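Chain IDs A, B, C and D follow the sequence of writing; residue 1 opens each chain.
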Amino acid sequence: MTTTATVRADLVTSAQQFYQLGWMLGTAGNLSAKNPDGSFWITASGKAKGRLSEQDFVRLAPHGQVLESPLPENRPSAETSIHQAIYDLFPEAQACYHVHSVEANLVTQFCEGDSLTLPPLEMIKGLGIWEENPQVSLPVFENYLDVPKIAQAIRDRFSVSCPEVPALLIRHHGVTVWGTSPTEAHNRVEIAEYLFRYIVALG
Amino acid sequence: MTTTATVRADLVTSAQQFYQLGWMLGTAGNLSAKNPDGSFWITASGKAKGRLSEQDFVRLAPHGQVLESPLPENRPSAETSIHQAIYDLFPEAQACYHVHSVEANLVTQFCEGDSLTLPPLEMIKGLGIWEENPQVSLPVFENYLDVPKIAQAIRDRFSVSCPEVPALLIRHHGVTVWGTSPTEAHNRVEIAEYLFRYIVALG
Amino acid sequence: MTTTATVRADLVTSAQQFYQLGWMLGTAGNLSAKNPDGSFWITASGKAKGRLSEQDFVRLAPHGQVLESPLPENRPSAETSIHQAIYDLFPEAQACYHVHSVEANLVTQFCEGDSLTLPPLEMIKGLGIWEENPQVSLPVFENYLDVPKIAQAIRDRFSVSCPEVPALLIRHHGVTVWGTSPTEAHNRVEIAEYLFRYIVALG
Amino acid sequence: MTTTATVRADLVTSAQQFYQLGWMLGTAGNLSAKNPDGSFWITASGKAKGRLSEQDFVRLAPHGQVLESPLPENRPSAETSIHQAIYDLFPEAQACYHVHSVEANLVTQFCEGDSLTLPPLEMIKGLGIWEENPQVSLPVFENYLDVPKIAQAIRDRFSVSCPEVPALLIRHHGVTVWGTSPTEAHNRVEIAEYLFRYIVALG
């Protein structure tokens, strides 16, 4: 099926690039993108992100049922519940990327309560903010060993107040972004990490 | 037309290299270079700089009229007015490059008023300064959502006093350099960023 | 012998990648991996890690006898005694990697006595720690010009108390990790270095 | 002449690698290596180090006479006098490399008088120091616009006291190393820069 293969090709390319940047070391992180029928491909659990192939995915129905698995041993990413929460909360989201950079961990020391103030840089336009000297915050969540507990915290908070940017941070863990296409999600990962590098260096 | 294709090939190569260095993430930044007839090619708005092709440009007359567009949807970079200001002010300029590095944003904390003192490093020779222990400043401009307002500030300031180096910084945004060829503009971007890394690390 | 060639191919690939990251500059560092018969291949002394070939190894019996040497001049790495100590102490270890990063040297300023507290990051799962907010320490050893003295210190300490993570640090020198496969050892090097970058940047 | 072509191939490879590391941006830096007949090839002045070819050199007699120039416009590097000083002072030197990193400039803030104490890291073995906790200094020279004045200062100081390591630093400028082969000189550049990164990060 050409369309869903294209989706996976985008995810493979992004994983390799993020690996080379040190954001998906070993098996860290997970990427997903929707198909035209509403199902989504997500990286299978335990796959090395630096040498992902199009076989290393699982296709899931919106509510989590496994629809297709190119290799019999593939199981959905341990963090699938977070991707589902994002797709449920933001119907425009077509791709959801989660990576683990050093800087995303370092910025949590600059958080105030459960959010992180983003710097008013030109680059923030890439997160959809077109204002002069924008004052914008990134939502921050606690990290739990039990991932569905993180997903539930995201659903609880975002069903009350919509985040200002299409991104969230999990403390000691990493950033999750979403976009209307794999390309937009990829760009937004790069922009979030750019802002984190700035925050960390500014100190 | 061979000559103008060569110009675009240089811009494509530079964009890809700057993308890999994290200076043109997503669609950030814009590059232009003049043709023998006085027109100039500039990156079209909204193009991903990491995978630019020779189709992703617009050719403009000195005063901004679109002369050629390889793809019908191409529109000139939102920051075309800055490139025009540079070409008007500095007739020797044949290329003008603008990139968005993290360090270019960090250095603005070391600005005094509307300029940044550059360190007296050997590398500054690449900006055309051949002095022992040179004392040179880089002009700094405010960032506005309305780009022509930035371009006007550049025209106003530089028509009164010529900058000491072929470069300027826009606060929270990035550096713009110019040179007598695409190669010289490329080298000057690298040298400006080298100086910024030094300033930031020196603290 | 196909199997042992595969082992060396993995080591060559890792050495090249670590060289490019600045962790195996010049001839620095050494990598080994076990064969099915209990012998192990280790990088020969004095080989440039950025352009290692499958000829640049020596195959040793568990107690150190040279069994095979693709080039007559190859001598086992000067740090072979450390690899032997690891294989003796941890029978599950199939690969042992030692690299020299700048950050591994910088973190020793954060050591308390003979151990380094690791930060409670999600990435620590890659070292086999599955806990919420884990409190884990990395053992640190003194550096001696006489390498067997380091190996003996490792045997003495680990025969009394097993380390919490499959890794150790030699002060002013670098990290050594082990795993149940070359892939796992490679991932663990990356994770150790990730944690070191975090510790250094946090300050 | 095969031998001298090989020499230039090594220099081209090193220049490209140093360019990619940001140590030979634009036309910065210069590399030379001796031929069996005592003459040496040196990079020609003003050549872009990221895309050097084997044509971009000049072959000089020990005292500086031009013996061979693949392109008629080639002129010897502006810093040839420093290379000549090194070859005169250290007859074992077969290659001399000079690069401009940001870190080499940053470390001069840690100099005491005209030397820089190097940290006692394992990696220092690559500069020929085989001691436990070595206490070694790197000589530091002032930068002058008039390069022969730097070369003379090197001759004056080193004819009185031999440096402890095969390297020297020019303030605000960069490091120069030498070795008994192009490979050794290349490794020593990497090791010097490794030590500089450590010194800068340690603060």
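Assorted remarks:
FYI, contacts are C-beta pairs under 8 Å (C-beta built on N, C-alpha and C of every residue); 3 or more make two chains touch, one makes a residue touch a chain.
Worth saying up front: this structure is predicted, and the values here are computed from it rather than measured.
Taking the definition of touch as given, a chain qualifies here only if it contacts chain C and chain D alike; none does. Counting every residue number used by either copy at the chain B-chain D contact, under half are found in both chains. Rotating chain B by 180 degrees superposes its CA atoms on those of chain C, with the angle stated to the nearest 5.
Relative to chain A, the most remote chain by averaged C-alpha coordinates is D. Taking the mean of the C-alpha atoms as each chain's centre, chain A and chain D sit 45 Å apart. Rounded to whole angstrom units, the spacing between the C-alpha centres of chain A and chain C is 32. Those residues of chain B in touch with two or more other chains do not exist in this structure. Of all residues in chain A, those touching chain C in their complex are 22, 25-28, 48, 100, 102-103, 105-106, 109, 143-145, 170, 172-174, 200. Put simply, chain C touches chain A in their complex at residues 119-123, 126, 130-132, 183, 187, 190-191, 194, 197-198, 201-202.
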